[in-house]
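These notes concern the structure reproduced below.
By written order: A, B and C. Residues from 1 in each chain.
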Amino acid sequence: MNWSVVTDNAGLLLEAFGTTLWVAGATIVLSVVLAFPLAVMRDGPIRSLRIVSAVFSWVMRATPALTLLFLTYFGLPQVGIYLAAVPAAIAGLTLSATGYNMEYIRAGLRAVPSTQYEAARALGMPFPMILRRVIVPQAIRTIMPPLTSNLTLVMKGSSLAGMVAVTELTGAGMALISRTYQPFEILIVIGLAYLMLNGVLIWLQHRVENWLSLPGQG
Amino acid sequence: MSATDGPLLEVAGLEKTLGAQHVLRGVDFAVNRGEVLAIIGASGSGKSTLLRCLNLLIRPDNGRILWQGREVGWVQNAGKRMPARERDLLGYRTQISMVFQSFNLFPHMTALQNVMEAPVMVMKRPRDEVRAEAEALLEKVRLSHRASAYPHQMSGGEQQRVAIARALAMRPEALLFDEVTSALDPELKGEVLSVMRDLASEGMTMVSVSHEMGFVRNVADRVVFMHKGRVCEAGDPKDVLANPSTPELQAFVRSVTD
Amino acid sequence: MDVLATQMPRFLQAIWLTIWLFALIATVSTLLGLSLALFVNGPRGRRALSVYTWIFRGLPELVVLLFCFLALPRIGIDLGAIGSAFLAFVLIGTAFHAEIFRAGLAAIDPRLIETSRSLGMGRMLMLRRVIIPQLARISVTPWATFLAGNVKMLSLASAVSVGEVMMVTRQSLAISNDPMTLILFAGAVYAAMASVVMVAELLLSGLMRRRYGPINGGMT
């Protein structure tokens, strides 16, 4: 083994690590923000919105993330939308993650007994307020565990961005391998970086679960 | 395996600690062939633990279990007393069969398949012969019409009667019952108890943990009252329950009669 | 559209390759994962297993794939594109399946085990007649969910030039001025395959529920 390939390119790899964090972080935030209204629509009172969100969820979960990524990177320019590699990757990965997140959120919302909606309506609360004050505080307990465990999947998924010319960890690694031809050292370092991130996310997940199991929380 | 003159099953000085709790603290009693022994006692007094030890589902820490005069659960190996291997206990378990409070039928098998399972798979008896016998057993517990039903399609009373038929299908020498009616609604208890009464009158040896005082009084030949992991009082149920001599049993009798 | 038409024979070949590669990977990794969950016992074995599952569930699939395809040949293990993809996905799938079945085993009602022992069943007999059937009921949904994701994951094999659907799509992109159609077509192919797995699971678990009642049914 010759680790100089890693030390010589430490700057490049660190930068790529930063890109991975950025792509994964943006995907996580955007996908949760998008998934919430979609999950509400999915069981909401308007039929057409219910159908649209159901189809969206199914398509996003049934299609490979890589295909969605290709769609936003190679496909969108065809309809006049030009995105740089990083935003295109974030858009594609977000589409994929949103499909899953909305199912978790929906399951949590449904786990709140319907009598709670009725009771809140009887108090004259408007729908957004019912959601905010009554339903979400109760649903969060069910929503958070699968949502946080999904974070590790999103983090792993960010590696796909490397296939559409984003120099995140995997992409940078592939470029470096084809230049130096030292796959062992490079892939081991990259693998360790991902496992470290994974460890952080699992730790976060435990923290969330502990926090939720505290009495009076969530 | 010849019948000996002594009791069919005898336990002496049985002790068991579970977790931090000394659950059995030296239990002694004997059951004769054809006898119905009822075990009563407050919750937590160790009745279930005792039955599990009798079947060697759990291994007692101390004491002896004699089955037809021979010790079970231990083997002499080069002069040393060693615990028997699980594999060597299987034969014993088919002779002393257990019925549980929560029925525990196999959910993926029909009533008939549940009854046939052990004779065919464990005892390797021919399937056709076992099927005829299993059908007869279901008839005996008055469930011929439910033979092809799955457990989730049956009432609790029906499930428990299938469980009894399943235990009988191994042609055991003795049956252990652990509160087999206490998970059942009152109207379903009767059908299970009447099956047990039939078995008693046919001379089946039974050890039954029960809170059904009617059953204890009228069906059992002898009753054992457990308290804090020991046999506190024993004897003819009518005598013992009518004139309890220890304050513990007096308190227990009072608690179950009102 | 023209490119899609001219490339259709290659696409059909690729679909066929994807299907059999998936079937092979699914079978092997299920069997391996099940064996690990059932037969790895003792604290040291358990710890080794959990390290293995942690690594292969934590690494991006692409990294494992690149490792098998690029790094292994350096130490003399050259499996070729398809062989590397097979090894990578079996390593990953086995880790997930071991976890799925371990959780399933833990969810089996312990009273059923005790009952089986009281009927004189030995370990192997109990495994065959009680534990595996119960496990099939409990684990079928997470198992199928993973496999549906696994179908889509095969698209990554295009990164190591396995000629599956995504690979043909990428090559066709280079000669097409209508990338959208090609990508949508590829998406539809994967969606169809993943949906077959999901629908099969729905039918199967519905059938079992109707027949055997709820999971751990008949118990109180």
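Remarks
Just so we're on the same page, contacts are C-beta pairs under 8 Å (C-beta built on N, C-alpha and C of every residue); 3 or more make two chains touch, one makes a residue touch a chain.
Keep in mind it's a predicted model, so treat the numbers as computed, not measured.
Arrangement of the chains shown, judged by which pairs touch: a linear chain-to-chain path with two open ends.
Taking the mean of each chain's C-alpha atoms, the chain whose centre lies closest to the overall C-alpha mean is C. Rounded to whole angstrom, the centroid-to-centroid distance between subunit B and subunit C, based on C-alpha atoms, equals 45 Å. Per-chain CA centroids place subunit A at a distance of 56 Å from subunit B. The distance from the centre of subunit A to the centre of subunit C, each centre being the mean of the chain's C-alpha atoms, comes to 21 Å.
Contact residues of subunit B toward subunit C in the complex are 55, 57, 86-87, 90-91, 93-94, 97-98, 100, 102-108, 117-118, 121-123, 150-154, 156, 159, 166, 170, 183.
The touching residues of subunit C, counted against subunit B in their complex, run 109, 111-112, 114-115, 117-123, 125, 129-130, 133-134, 137, 211-214, 216-220.
Those residues of subunit A that touch subunit C in the shared complex are 59, 61-68, 70-71, 74-75, 78-79, 152, 156-160, 162-163, 170, 173-174, 177, 183-184, 187, 190-191, 194-195, 198-199. Residues of subunit C that touch subunit A in their complex: 54-55, 57-63, 66-67, 70-71, 74-75, 148, 152-153, 155-156, 158-159, 166, 169-170, 173, 178-180, 183-184, 186-187, 190-191, 194-195, 198.
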